[in-house]
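Some structures to go through are shown next.
Heads up, the next two complexes both have subunit A, just with different partners, subunit B and then subunit C.
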Partner chain A sequence: MSGNDINRRDFLKFMGLGGVGAATLTGCDMPTTVTLEEGKEKVVSYLAPEEYVIPGIGVWYASTCQQCPSGCSIHGRVREGRVLKVEGNPESSMNGTGLCQMAHAGLQGHYNPDRLSKPLVRKGDKLTEASWEEAWALVEEKLGARTAWLTGTISGHQAVLLDDLKKTLGSNKSYAYEAINNGVGEALNKAVLGEATPRYRFDKAQSVLSFGADFLGTWVSPVHFTKEYAQKFRTGERGVLMVVEPKMTMTGANADFWVPARPGTEGALALGIANVLLHKHQVDGRVLPKAALDVIAKYSLAKTTDVTGVRSEAIVKMANYLRNNSPSIILSGPSAHEHANGSQNAAAAMLLNILLGNVGKTIESSGEMPVKDIAARPASSKAIVDFVADVGRGDIDAVVITGTNPVFTAPKALGVEDKLSQVPFKVALSMFIDETSALADVVLPLASSYEDWGTSVAAYQPHDKVIGVQQPLMQPLYKETKGLGDVLLSLLKSKGVDGYAGFDDYYAYLRKAFSDMPASVKQGKSDKAFWSAALQSGLINVGAASGSIKAKAPKVQAVGYEANSDYPFHLVPSARQGLWDGRHANIPWMQEAPDQVSKVFWDSWAEIHPKTANALGVKEGDFIRIESDQGVIETQVYIFKGVHPDVVAVPMGQGHENYGRYATGVGVNPLKILSPTTDESTGELANHATRVRVAKTGAKAPFPRLGGSEQQAGRLLVGTVTADVFRKTEGGDHVA
Partner chain B sequence: MSLKNLLNDWSHYRKGIEDGGFYEYEHMWGMVVDLNKCTGCNACSVSCYSENNLAVVGKDRMMKGQGLHWLRLERYWDEPDMGGDDKEFQERGGSFLPMMCQQCNAATCEVVCPVAATYHTPDGLNAQIYNRCIGSRYCSNNCPYRLRYFNFYSYYEESWPEPLNQQLNPDLSVRDKGVMEKCTFCIQRIRTGKDKAAREGREVRDGDVVTACAQSCPTQAITFGDLLDKDAQVTKLWKSHQVELGKTKQNKSDEDLRGYRVLEGLNTDPCVMYLDRVREV
Partner chain C sequence: MLVSDYINSRQRRVGRASIKRSLAALFALMIGLGGMMSVSSVHAEVPNAVPPKGDHQGEDVPQPIEFPHDIHADINGINCMYCHTYARRSKVAGIPPTSKCMGCHSVIATDKPRIQKLTEYWENKESPQWNKVHDVPDFVHFTHEKHLQRFVFNNEGMDVDNVSEVCAFCHGDVKKMTVAHKVKPLNMGFCVRCHEANEGPSDCWKCHK
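Now for the complex of A and B:
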């Protein structure tokens, strides 16, 4: 210690202070560069911590996931003021404790380094940072009667505010666009069953036949269906799953019987199966109108095989399964719907449900939401077609865009980018710069769903009908971000709309809205108790599903198939659970997570059948050139037997041009080369109808796929037993 | 400490499986993965990333096999148990296999560590002491499941640029360059569960500890618990499928029972039991 001025007493003092400082600083998020010696910082002890903040202890708060529109209920773990982990809410009949990978990855959306922290205003060619006041003044000035609202799925009280705002402005133009949607299915359900989203009872079904509905991955309410599928459908007597689709999805990868049909001929296959059921199995056809029976009669086995390319044994096998494992559910989804004859395919699948007597048994009414005005507004892909048409007519002077990225997700041939440039004033409310918000005149930075208040009502409701409650899990990361509810409320206030002046913020509005909920929902609780209960459980149970359902048989038409010699292949822009429609491509966990089926990470790929690969002379990792009448993409091939030989499948979600450091420049976007086709009956985009030609480019590169061998080589890695063995050892009441 | 004591202690812990292994365990954490329920959705893996501070390494390093996915979803296309594999299409779908450290009781990784950085805990866990690890990578070389992951680089700046680092779980460390890491059965959650039980003055009960993967599984395909707890769900499943620790081949009264351990013939004695996938013929 010689040569040092510190004496023992000073040293102890210093250590004491330092000790307190260290203990305090580890508990909060102060920068570690704070030096107590400088005397500039105060040492604030945790003697009086904020409510529920206990250093070192995580506290769980309930909220609602906003990563996709299915509205799962979550718990977020908060420690020292930061949200660290999300888990499923055990109280939720939607998802229970489980979640999908995208829900977990919401954290990396919230903490994403590419998030917007300040408003941006266009000056010349460039978006430049501006004060909130400056941006807001522009928004207030420009929004009027000829304002369009281009959104994703929207529900809850945000939707109520938006409706009021539209009424005030005198604008009736709103477009809820989702690239992953069930628009064709909803329209058909509405016509046949009287409701757009009935309940599917996987727990009661003994067999499921899905025509392209990836209900374990991306269709309607995947986590809920996954839960019901595994915990009820696949246990006990274990139902049979059959999947007809051009490219194996996650649902297909779990099928007992996976069958690829020529894209667009799914309806013909359904009619062929109906034909076998009627004639081989003597199923009573009197439930169907004569017109339908006449069409079915045309689909003999030979004719069905001729149209669909599916072997006759496979058709009979599916009919047998359906006959012997009753009741069943027949589903149809995007790869059957998104064709010019998409509604016909959906109608043929529904006809099977009627023929097999499933309606009322495994397809039930979901009943009515008691609080009607906050129900989900249906989203579709027709919305973007309409938007483009309306801009073309010159009906729109301003557009507010939020929750959707149509420049990326709509087929390029629609010309969304071009049409947007014709709109004089564009506002984007967004957490990120993406291909669409980059074109805006004003970008207002949105708060993340973990920082904001909100309510949401899922379009698909399981047994318990619920309103999902979203509460902030932490303080906003950036002071100048605002929630969508707050933005809408501010607009309503600035327009001087009656009844809104009294609300300081969206939180205050929600409190009032909760107080005003009908007595049946509040169940005798006081306003305060009702609010606390809602926050505590993260959902409000508004009663069980009820009501009956009856089917009115749809009209069906013959479905044919035409080959195209110029463009012999079908392009399947499949949906990938993980990136969704591309909105999660900026999340590093989602890029690093391999695709469930191909196991490719951080890139795009094209799936082709070994036969096709042979014909083209390509091996795994070789580049191919996929050319439609709209353009060309090039990507590496993955070769496996889970794809139709006439199909080349390129998943959507990659190929971003302007979406932050993790997504930009990764992979290719198949939506760029889609031909502009729509379903003839509903006008929904027919994204699976594009024909392409495929050629080898000669280029090759190492292929970004997880794992080496895809064969078990005789090792017992994944054992398989037959369903009969399972039923013998674990079926019925014999639960291990 | 005499050399004799040291050697005694050593052989006490290092009892070979033929001698019944070390048996004074406080817990024996084990797992069941039901492949009839698993849909291969990958939620467990991402839940693990978020719980355990796993670094994102990027495309090039992933391609070199340097990804740090403690729990990875393997997918196979052939079905050795279902016979022929020469059909035109993949008619029975894929075979998914969630692989996390199998927490072997006769772990091949432990015996080769030159510095005893990987060892067996009285909880039956195969643990890794990061600050003892010198990065010889012998353990990873010796793991027949390829479930040990090496930090070839320091990832903290690249993987968690501000403010992504705010998501890091403070209950465990971020590993640095030169260190081997692997699934710990969420040891921080085990610790929290044990502490809670101790505070409440009781034994650890089934359900007190749930790993991040088991918790997040939408199908509840993963069951986690203490194999020494007779009433634990995991123990019941092992029993009903007639799979026992300490064997290289199980004697089952009914060959059709689905339980098995991956590569158990290697005498690694894993604590993870899988239940066969099921398909129609």
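Now for the complex of A and C:
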């Protein structure tokens, strides 16, 4: 429509003329406004097309989503050699046809104009473009026995290659770090149930009590849980969902009963509920060891209320719901885990599962992965703590960083940036320049997940054990990018490791790896048929989950609460479904999509309770200053009842300083001011344990929020009737 | 289809005033046809169709190779869909792949400069970058397939050999052109009038989706 010189006024004139005359379509006949100029665009034919290729008609190929570690299976629509859309793979027991918004927006990462297309090598202060040969020569030379691997979640055959490479180099240092993780939960499950990630049967549960596990938004496998939850809890026979959390998440917003407890006291609340179940409901306590019963006995209603700040009626109500809607599932997640006593909170929640007999009913064994070397390897936040300690000891001469951005996602107090500067040689394998890769000496441009081969095994397997197959949906956009598998393979080859010389590329390696899979997995298929079937469905089903699960009651300790008069508020760096740990902040769709609860977009905000807002004298959109012992951030407030009055919630993901044109300079990063506390038992980062003080700054600005009001203002958007009227109609049994 | 059937079907579709107009047009056309029977360039009739009206003075669009549509489609009588092979199956008609050109031109007319240029492209494993002549804006979803289904394949009495008459509705008489010229406006008025006359869908979202 370039070169179009009609303006609105002329357009209206034309429309007016059309209205006066007999013809009604005059406005549609203006050639310069509704047609394109001739000869301005190019059209290029195929040189020699594949037989099945028809321009204008999409072909769907199966692959695996890599936008978060859940490992959903996808179908990608490919047209004229470009991937245009992804949808859920109907064959997948994980997500079926469903996907989350991050999966749908993944293409904007792939086609992002900030993608790296050439290797970068540090010359002086600056990273400058270099040939692949030059960059690679440096990498080959510098990687040796004292090389560390700092990664995000790596699974499947890439993990196998990494293992072999570490063995060859004589290095045992790898750190799989995810800021959004379930490290505390996994450690507890392993100790109590014998496996880190059991299956949760929402379809069998009558009630769910979640202590901060946002299973409909960001916890473990949210698309699968959403599917199962919606089928069971929101159609037909309705279950009861209770959520205890400091700031309302997607799961909290869907709850039948939402309870804010003082952050870090979730364990005390669980013990209080156990106390009510034992004494009021006479639940048989013999399934628990005496030590546990003794701790529970301390949590009378009064004491529980005193510690948690939750009204005694609410505690009794939750116990009643659990008793009357059995079996149940008790979950615990980040806002309960990421405290100094996080493992205690998780243990207390698990104790409820044991007391209510849920283990074996709604919490089942997920069985063993028959192909052992590619079993899931969940990442944790302890990894970054270990990395920092190891660098501090001077154990590391070189580091390869991929799939993680710790300079942005780790608490600033850990000093990741400083520690990285002490490592003599740093290689980043990345699609983008971000806060971490900007510090590297060599940056190798990575292919996107839609251009690369791979296999991935999800930590959470809902039904049968499945290997997700990732196949390229299109040719690489940039010739000089490489997949992680190819980089690892090239390193193995250049180190002369036995058995790898014969593979031209990672694809060839995967073909061989698939041929070598056990007969039970191949189910009598020939190598070729097995490979084709895997590509066609995008999944390899390696057998039904089996095995039994038995609980060994965890040790629990008393959970208390200490007020802090210097820093009276708790900072909750909530996970935002969309931006995740900040990795998707460079996707414009994810910036544009409003947060599900606050409806804010393209910015950060601090969620505070109306009582807190009154005390501070702030209105929506006013700036507040949030100060911890580690630093200060300033952002606008969103006033909302779904926050504990002692909590300031600032979602993570924004506040990038160096992450391309869409993310840089947008919002603030709450992770910068976190205290470097860890969970006492597992060493995982306690990101919810930071205390802050809050003050009004006096600044105001327009607040980027969709839907300006929480009130109906008499518009009857949602019709309501009083309880009395309801009882007299369909809600009651005594019709007037 | 008989003329009376045609008129009956038209009566069902349009008001009286336009019936008179279309009758007049039909008779004029029949007389014209009769008079021109002996001329080779006579246009075959597309049954059950009212061709769209409207003209456009297209610009000369230079192309990397001055492809002569007239030699292919008129003199040698090659069906449009032989080269634009995707038109019947897809929203786009498709520019023929270079391999298709070379299928014939590795032996035919190899001494001609245009063919030599084509061969050069082929040997360099490149396709010519043609300049687009016919285009609609991105917010318009036009599909060749549905139009060919309606006017050719699901059109009783239509001979597939005459498909160029249907193509000509929107592309003009390409058979008489060398490189294509835009001779129809291809704007919304042009589309909508044709949809009205031929009882095409009139929902906004049929095209704007």
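Note that in this section the second predicted complex is superposed on the first by the 662 of 736 C-alpha atoms of A that agree within 3 Å, B and C clash if a C-alpha of one lies under 4 Å from a C-alpha of the other, contacts with A are read in each partner's own complex, and residues count from 1 in each chain.
The working rule: a residue touches a chain if its C-beta (ideal position, glycine included) is under 8 Å from a C-beta of that chain, and two chains touch if they have at least 3 such contacts.
In this text, all values refer to a predicted model and were calculated from it rather than measured experimentally.
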item: Partner chain in contact with A:642 - subunit B first, subunit C second, else both or neither; value: first
item: Partner chain(s) touched by A:62 [first = subunit B, second = subunit C, both, neither]; value: neither
item: Subunit B versus subunit C as contact partner of A:429, first or second or both or neither; value: neither
item: Partner chain in contact with A:349 - subunit B first, subunit C second, else both or neither; value: neither
item: First (subunit B), second (subunit C), both or neither touched by A:54; value: second
item: Residue contacts with subunit A in the superposition, subunit B compared against subunit C; value: B
item: Contacts of A:250 with subunit B and subunit C, given as first, second, both or neither; value: first
item: Touching partner for A:127 - first (subunit B), second (subunit C), both, neither; value: neither
item: Doubly contacted subunit A residues - partners subunit C and subunit B; value: 29, 56
item: Residues of subunit B that touch subunit A when the two form their complex; value: 35-43, 45-47, 49-51, 56-59, 62-63, 67, 69, 72-82, 87-97, 159, 161-164, 166-170, 212, 215-221, 236-237, 240-241, 254, 256-258, 260, 262-263, 274, 276-281
item: Partner subunit B, residues of subunit A touching it in the complex; value: 29, 56, 79-80, 82-88, 95-101, 103-105, 107-108, 111-113, 216-217, 223, 226-227, 229-231, 234-235, 238, 240, 243, 248, 250, 252-260, 321, 477, 577-578, 588-594, 596-597, 599, 601-603, 611, 640-642, 702, 704, 706-707, 710-712, 714-726, 728-730, 736
item: Subunit A-touching residues of subunit C, taken from the complex the two chains share; value: 54, 56, 58-59, 61-62, 86, 89-92, 94-99, 122, 125-137, 182, 185-190, 192-193
item: Contacting residues of subunit A [partner subunit C, same complex]; value: 1, 25-26, 28-31, 34-36, 38-49, 54-57
